[in-house]
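So, here come the structures, one by one.
Okay, so subunit A shows up in both of these, paired with subunit B first and subunit C after.
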Partner chain A sequence: MRFWALFKRDVLVAWRKKSNIYQPLVFQLLIVTMFPLGLGAGAQTLAKIAPAVVWILALLSTLITLENIFKNDYEDGSLDVYVLSGMSLPTATLSKAAAHWLTTGVPVILFAPVIGVLLHLPAQAYAVLMLSLLLATPIFSLLGTVGSALIMNIKNGGMLLSVLIMPLLAPVLIFGAGAVLETTLGNSAFGHLMLLLGCTVLSITLAPLAAAAAVKINLE
Partner chain B sequence: MNRIVKFYHEMGSPPSFYRITSHWLKPMLWLAIVLTVYGLIDGLLMAPTDYQQGDSYRIIFVHVPAAWMSMFIYGIIGISGIITFVWRMKVAEAVMMASVPIGALFTAVTLLTGMLWGKPMWGTYWDWDARMTSELILLFLYIGVAGIYSAYEEDPRKAARLAALVAIIGLVNLPVIRYSVYWWTSIHQGSSVSLMGGANGIQHWDMLRPLLVMALATKFYYIYSMLARAQTYLLKTERKKQWVLEAIDQQTNHNNPAGAK
Partner chain C sequence: MTTALLQIDQAQCQRSGEWLFAPVSLAMNPGQLAVIAGPNGSGKTTLLEALAGLSLMASGQRLFNHSTELKQWLKHSHYLGHKLGNQGSLTCAENLQFVANVNLTTVSESTIEDVLTRAGLAGYDYQHASDLSAGQKKRLALSRLLLLNKTFWLLDEPFVNLDHAGCEWLYQVIEHHIKQGGCVILTAHDQKKIHAMAQHHMNLEPALEVA
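For the complex of A and B:
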């Protein structure tokens, strides 16, 4: 099936150039070091902001990888080949999003506990933290394909990409970081997680269509 | 019926849109000016003082109409975005791109007057309250639409379709953003005007009247400004077409009866 062929190809390309995979994690590590330096190393202060910081770092480190989802394919012409192959465009963009999630989202989820430990995140919050990121990272990748498709033939489109994507990610951050925060306060995160799941389902349904429309306009 | 259908079709074609709406500009501008002057005098000088907020509440006559317009114009952008995207109508592109700077401006005015109102009432210029935050996010959405257009500006038709796509995505997301931010937290006062006559809203006709007048004034200003910008947009994007040359010719002859070129 073409979906899997494209998926395998994208994962392989990312895997061959390993910096794609570890760059976001190094970025997170660099930024998280800045927080104790700026705020003071008090465990209580850090634990208080930990849910938000872990989440924002996951978001920002994904954001820096989004620009290239379509850019390379557009520049070397392989995007034209996908379109000419008769493959349905929403399927192609969904496949791109899935590959991006596997190579960026999954490492970010697995790395989140490390950032949590560095910020003294309370022990009861780790399960919810990883669960909330498991629900949210697909949204990052899916909206990322939309943003990347919109800016693929602009030079230095990274800033524009952030302007386009960030407002759409506000609800995700509210529900996701909210879920972790509620857990650290000893409350149930069920409501937040369900709303987050709603956002995930919504973006799986709609984002491939929007990304496909943007690709189509850009290739005309 | 026939005339309405004809009018509808004429408004879809750039030359007749330009011809028809160029007669509308002056009346709209005058209506906006007269209503603004009346509304401001009525609101700032005549309306009774609020029993709780004193005279500082009077900024409502700028703040609330601007806030209504900031959302109303995004709705217009979304609708003309859908028309642009599906039917590729040039007039819809012009209306959409002409509305973006006006909407962004009203959003900025809403935020600024809100901050000025917040200082005496809440004791702070800014608080991360739900309405303020969602208004700020609305400003980002406007900036996004304008940004994607200016990035592709050398190809205006493509730029307009991509901007329309961004506007539609924003429109779909607006309810999600709004509710998520609302559930987050709020200290903002409730709605000032409710059709069902809620207990917290404005009850007094002398206060309500200037508010409604100002709401009308901002609508007329929007129509004026949007049409003027849409006309310029059409002249710019269609500059190689015959009708533009004729329109410019007519304009210069009109200003210059001697015909000196």
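For the complex of A and C:
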């Protein structure tokens, strides 16, 4: 009930400020147009680097949105409102992560094929690309709540946030981009996807607790 | 054994390892008003945050109904600080709806309309909170008190940003709440009228140096 109240509010706020939703997509589109220009190469070279580039873009474009998950609520005081409502903090952080995933992760998943086409990603890789992002974007949002909760009272903490959670996201990138790469080479991506699923389950279980602890530290 | 509904024993707070004020105690029963006074930087806000349960007291304890349990206290207390907690991109009505939902109460649209009217924001239901003036934002935040109607109100400088009529309105709201058996703890500067209404006066004095 409280979970949905906060979730609904966050989705509504994101919907009102649509730039939150567009920003990662525009970022991806701008960067991806640079690749053919910078590389000066044909479709074959692009296709070779496509799995990595699509994945890195999805990761970085999400990263720039993470800072504000808790920062806005901390600054305008609405964090106090729901913390003092008696809501359990892990529920609150899970709700924030879910709302962030719906408003940032889902658009990134749906947009990935567009980026793939622009990079001549081989046709057989699209299903695995979407599936790998479906497993990975919740991890971005969940770890994002941890990072955002840690830096919410720091001015310009965005850089610190990236430094904090990038190492944690490295395995996700390895398994995710690896899954797509294996598919383009005609191999099975099953192993990579299973490891990715493991990361997803791990972060759903642990990240809300870590984020709740971070919120608590910053309030005291 | 004390009989007061809210008992605060020897509460003290720290800021970066320094004691902010000498220990304060308070025993409150339904229908009472307490005013916390003290110069800027004396720790009024820190104390109120600790009383609200947002942060921890460095020493001392809060007994509500003879128990230190936080959950029951949160259920019956309402803290309003300097940061108002309005979400700018939501309308006034949506802000109140969220506050009600997150506190597990369901309210009808007419209740929200009624609360906004009582707070002097009639007709602002569909106005985004970011478009309100500073005083109106304060009124919107204060209207949450009327919406949830909890027993204890902890208000940090509630008169700031309010115009003359707003202050008068707030006096009446507080007076009414106390008459109904509610309790109010607030911090204020130079509000003679509120000091006259109060049963408890807490003056924050600098902590003595402890070796």
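Operating definition for what follows: the second predicted complex is superposed on the first by the 219 of 220 C-alpha atoms of A that agree within 3 Å, B and C clash if a C-alpha of one lies under 4 Å from a C-alpha of the other, contacts with A are read in each partner's own complex, and residues count from 1 in each chain.
Note that in this section contacts are C-beta pairs under 8 Å (C-beta built on N, C-alpha and C of every residue); 3 or more make two chains touch, one makes a residue touch a chain.
Just so we're clear, the structure is a prediction, and the values are computed from it rather than from any experiment.
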Partner chain in contact with A:13 - subunit B first, subunit C second, else both or neither: second
Partner chain in contact with A:56 - subunit B first, subunit C second, else both or neither: neither
Partner chain in contact with A:130 - subunit B first, subunit C second, else both or neither: neither
Touching partner for A:31 - first (subunit B), second (subunit C), both, neither: neither
Which of subunit B and subunit C A:78 touches, first, second, both or neither: second
Touching partner for A:2 - first (subunit B), second (subunit C), both, neither: second
Contacts of A:154 with subunit B and subunit C, given as first, second, both or neither: first
Touched partner set for A:220, first subunit B, second subunit C, both or neither: both
Touching both subunit B and subunit C, residues of subunit A: 220
Residue ranges of subunit B in contact with subunit A within the complex: 85, 137, 140-141, 143-144, 147-148, 151-152, 158, 161-162, 165-166, 168-170, 172-173, 176-177, 180-181, 183-184
List of subunit A residues in touch with subunit C within their complex: 1-2, 4-6, 8-9, 12-13, 16-17, 75-78, 80-87, 219-220
Complex interface listing, subunit A residues touching subunit B: 146, 150-151, 154, 157, 160, 163-164, 166-168, 170-171, 174-175, 178, 195, 199, 202, 206, 210, 213-214, 217-218, 220
Subunit A-facing residues of subunit C, complex: 52-56, 71, 74-75, 77-79, 81-90, 94, 98-99, 101-104, 144
